[in-house]
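Shown below is the structure under consideration.
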Amino acid sequence: MTRPTRREFLRRLTASALAAPVVGSLGSCTAKAGQGGTTDDDLGPIEKDLSLYLWSDYLADTTVPEFEREFGVRVTVDTYESNEEMAAKLIAGASGYDVVLPSSYLFPLFHANRLALPLNRKYLGNWSNVAPLFVNPSWDPGNRISVPWAWGTTGIAYRRDLVDAPPTSWAVFHDARYRGKMTMLDDYRDVIGSFLKFRGRSLNSVDPSELEQAKADALAAKPNLKAYLSGPVKSQLIAGDVVIAQLWNGDASQAIAEQPEIGFVVPEEGSMIFADALVVLANAPHKRAAHEFLNYILRPEVAAAISDKTGYGSANQAAVPLTRAKVPYPTEADLARLEYQTDLGGGAELWDRIWTEIKSG
Amino acid sequence: MTRRFSRWLVASAALVYLFLHAPVLALMVFSFNDSKFSASWMGFTLEWYRRLVERDDILLGLGRSLAIGLGATVVATGLGTLLALAFHRHRFPGKRAAESLLYLAIVTPEIIMGISLLAAFVAVGFSLGTLTVAIAHVTFSISFVAVVVGARLRGMDRNLEEAAMMLGADEWEAFWKVTVPSLMPGIVAGALLAFTMSFDDYVITSFVAGPGSSTLPLVVYGMVRRNIEPSINAISTLIVVITSLLIYLADRSMRRSAR
Amino acid sequence: MRRRLLRWFARRPAASGGALAAPGLLWVAAFFLAPIAVMLGYSVRERGLYGGVAPGLTLEHYGRFLEPLYLEVLGRTVLWALVTTAACLLLGYPVAYVIARAKRWRQILLFLVILPFWTSFLVRMFAMIFLLRDTGLVNTLLQRLGLTTDPIQLLYTPGAVLIGMVYGFLPLMVLPIYASLEKLDDSLLEAAEVLGANGPTRFARVVWPLSLPGVVAGCLLTFIPALGSFVPSDLLGGAKQVMIGNLIQNQFTAARNWPFGSAAAFAMMALVLVAVVGYLRRRDAREVVG
């Protein structure tokens, strides 16, 4: 059972009504607050240090300094450039970090390697700010180990002034009119996944014949592409060297801020949705401070500042009204087209082989 | 004929220097560009330098990179030079295997070295931090130093040392007074290489760094992956300008004391 | 005491060689050989579904690497590394020569070769993108000068990859050549001139043979790391090709097939090792004769 109990709901209400530092002491009075698989171990007093290991460029400038000031905790932030790099490092046994920020598709790996600490809700007084969309998500049933932070989709960014008509379908990458002016992400899940969607398949398919078709589609698109390019494509979109680019929505909004002629669509065939969520590591040296940080991120104004900085949607629904550039939650109709990436399990090998074949083709 | 040949050499060297420095000049110019994405010239600003003052992560990273780079260079240059001497001046069992080992260390893909070192540190209970990063840097630099110093050693004749010893110096004195000075260009080249590789390494460092030991490349990669934050151009410009200045001053004072 | 120790070593050349080599070899054994041996073990294990390895021994990963798909990747990478090495030699030799012959400016010129490398690699790659892209500096200049009307595609071409690779590895070529050329004596060149040798002849007969150890070292130091390089291909070539470096990296990250990644790495390392051992054997044989 993962829905909050009535008592829990009341406790959260009181907690969020009080100033945050009080939440901790209040929490420790209600010893049996844990539920739905989360733990209720007392974590003791707040530690003096906290080590965050996060995606780069994912914090607002004020996020960490204000946390440090308020809680008297010295925070070190180290960054990684891909989910996979972070995962490889943790699997190899790296320790010392408290909080990491994996994307939703990485959760099976976190579960399998027992990397995460079950969260203790009594320290997360601001939990009720989480948008319903991210309560009890498929990738972390019962939100046992994570606090959702941001979400996004993969779509197509384009230059309104430089294309004949806004693209509506992944088929645009087969359109020779834009030959040499288009890019796709340098990410095999996004490239192969979008062509699976193009044929109406699941973007998590491990069916060899479906993947064979996606490979053929990707190879047909390759001669039209200027490059496979991820984040750095923004400056080329702004300059107009690239007019159509497969891109994540947050990066697209960062580019739109500099060049208003850029538009962004999620193709009609559907696309990928992802969430990034904060996880406290099982071997975290500073578990209490980590919980306080998670709870701090759940504050509306903190989450709103982050969303404004990154351009990605906030998983915090109380934050949305406070953001300058609104990133509305997907509607029911949108959700029908969007699909979470999940772990490919044994299928990863076939995907990797196909990616190598596409790059070699 | 002779003049023309050497003039041709100098001209092509000058072109190579231009090639090496053109991107650096470009980033220096863009460090004053008033646009976050540096798409084109949008006007002059000092904003990125001002922002640098607020970014203590860049400055801390720079400090760590310098400390790790200097430490690793000293150790790697010492060990590498000794290895070069052993390989080129002596015969001992297993020499060829040992020398092949050095080349093996050069050919090992960075990610393999990074992950295997990380796993080893974890296995013996070393906690990740500045020290593990420095150890890793020494490990991948030793071979480069040994090969560069070896190139200097090969073909260098031993007459001078033998003469020194005939004049009554023992092997120890001959080594310090004759061998080391004549090896110096090789040692300096090797040390420069070691420092540069340490200062610029990303992949291996990203695996063996622990909380709060991110070096400058780690910080920089984080800032440029999504978009090139012009503060990076600013710090690069500062590094280049300050090092150039230091080297120029050192060169001048050395010349003065020589005179 | 020192003299007695030295005498002991003097009588045992093998021991003194060993003593010199010991600290470095111990370091390499502890921090390179031992960890890498564990990876060698990984390469014959089953793939762990969620990273790492699973119990069970197999050689299938080496077998997989021998498939045409992956051999093609290897072949392409070797070709790129060869072309890079040749280009570095061509560009690096004159630089090393000029540095070694310079008197007043020698130290400064040496530092100028290294200086660009104290900005971060990725920063230099992005600077290169600024220069090469359609609206970049080179194209803008060409158009201003009236040499071209439309931008020519420079970025995301094989030429751009080569430029990036050469840029990345040039110091590895220049430094060893410089180190061996530095002992080139003026008197030697003068003697050659007195004997009537012109520039190219003096170069071929005097300079080149003298620099050969440096050239060989430089080529090895360029070629070997170039084999593992893939960032220039990704950023300047538009990631349209897989290099062996990407392939291996992918196995530890996205594809999560640590054993196959290890096997691919060791297959590549074995290839280089065979070449290097062959070279060392020939060199040692020559030295015994000479």
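Structure notes:
The first chain written gets the first letter, and so on, giving A, B and C; residue counts start at 1 in each chain.
Here is the rule we use: a residue touches a chain if its C-beta (ideal position, glycine included) is under 8 Å from a C-beta of that chain, and two chains touch if they have at least 3 such contacts.
Just so you know, these numbers come straight off a predicted model, no measurement behind them.
Taken chain by chain, the contacts link every pair, so each chain touches all the others.
Interface comparison, A-C against B-C: more C-beta pairs in contact at B-C. If you average the CA atoms of chain A and of chain C, the two centres end up 38 Å from each other. Between the Cα centres of chain B and chain C there is a gap of 14 Å.
Residue positions of chain C touching 2 or more other chains: 126, 135, 252. Contact of a single residue of chain B with at least two other chains is seen at positions 38-40, 115, 119, 221, 224, 228.
Across the assembly, chain A contributes residues 85, 88, 232, 239 that each touch 2 or more other chains.
Residues 51, 53, 56-57, 61, 76-81, 85, 88-89, 92-97, 231-232, 234-235, 238-239, 251, 254-255, 258 of chain A are the ones that touch chain B when the two sit in their complex. Interface residues of chain A facing chain C in the complex, by the touch rule stated above, are 82, 84-85, 87-88, 91, 108-109, 112-113, 180, 183, 186, 188-189, 222, 225-229, 232, 236, 239-241, 343, 345-346, 348-349, 351-353, 355-357, 359-360. Considering their complex, residues 2-3, 6, 9-10, 13-18, 20-21, 23-25, 27-28, 31-36, 38-39, 91-92, 94-95, 97-98, 101, 107-108, 110-124, 126-128, 130-131, 135, 137, 167, 170-172, 175-180, 182-183, 193, 198-200, 202-203, 210, 213-214, 216-218, 220-221, 224-225, 227-228, 244-245, 248-249, 252, 261-262, 265, 268-269, 272-273, 276-277, 280-281, 284 of chain C touch chain B. Per the touch definition, chain C reaches chain A in the complex via residues 47, 49-52, 69-70, 72-73, 126, 129, 133-135, 153, 155-156, 234-235, 237-242, 246-247, 250-257, 260.
Put simply, chain B touches chain A in their complex at residues 35-40, 54, 57, 115, 118-119, 122-123, 127-129, 206-207, 209-214, 218-219, 221-229.
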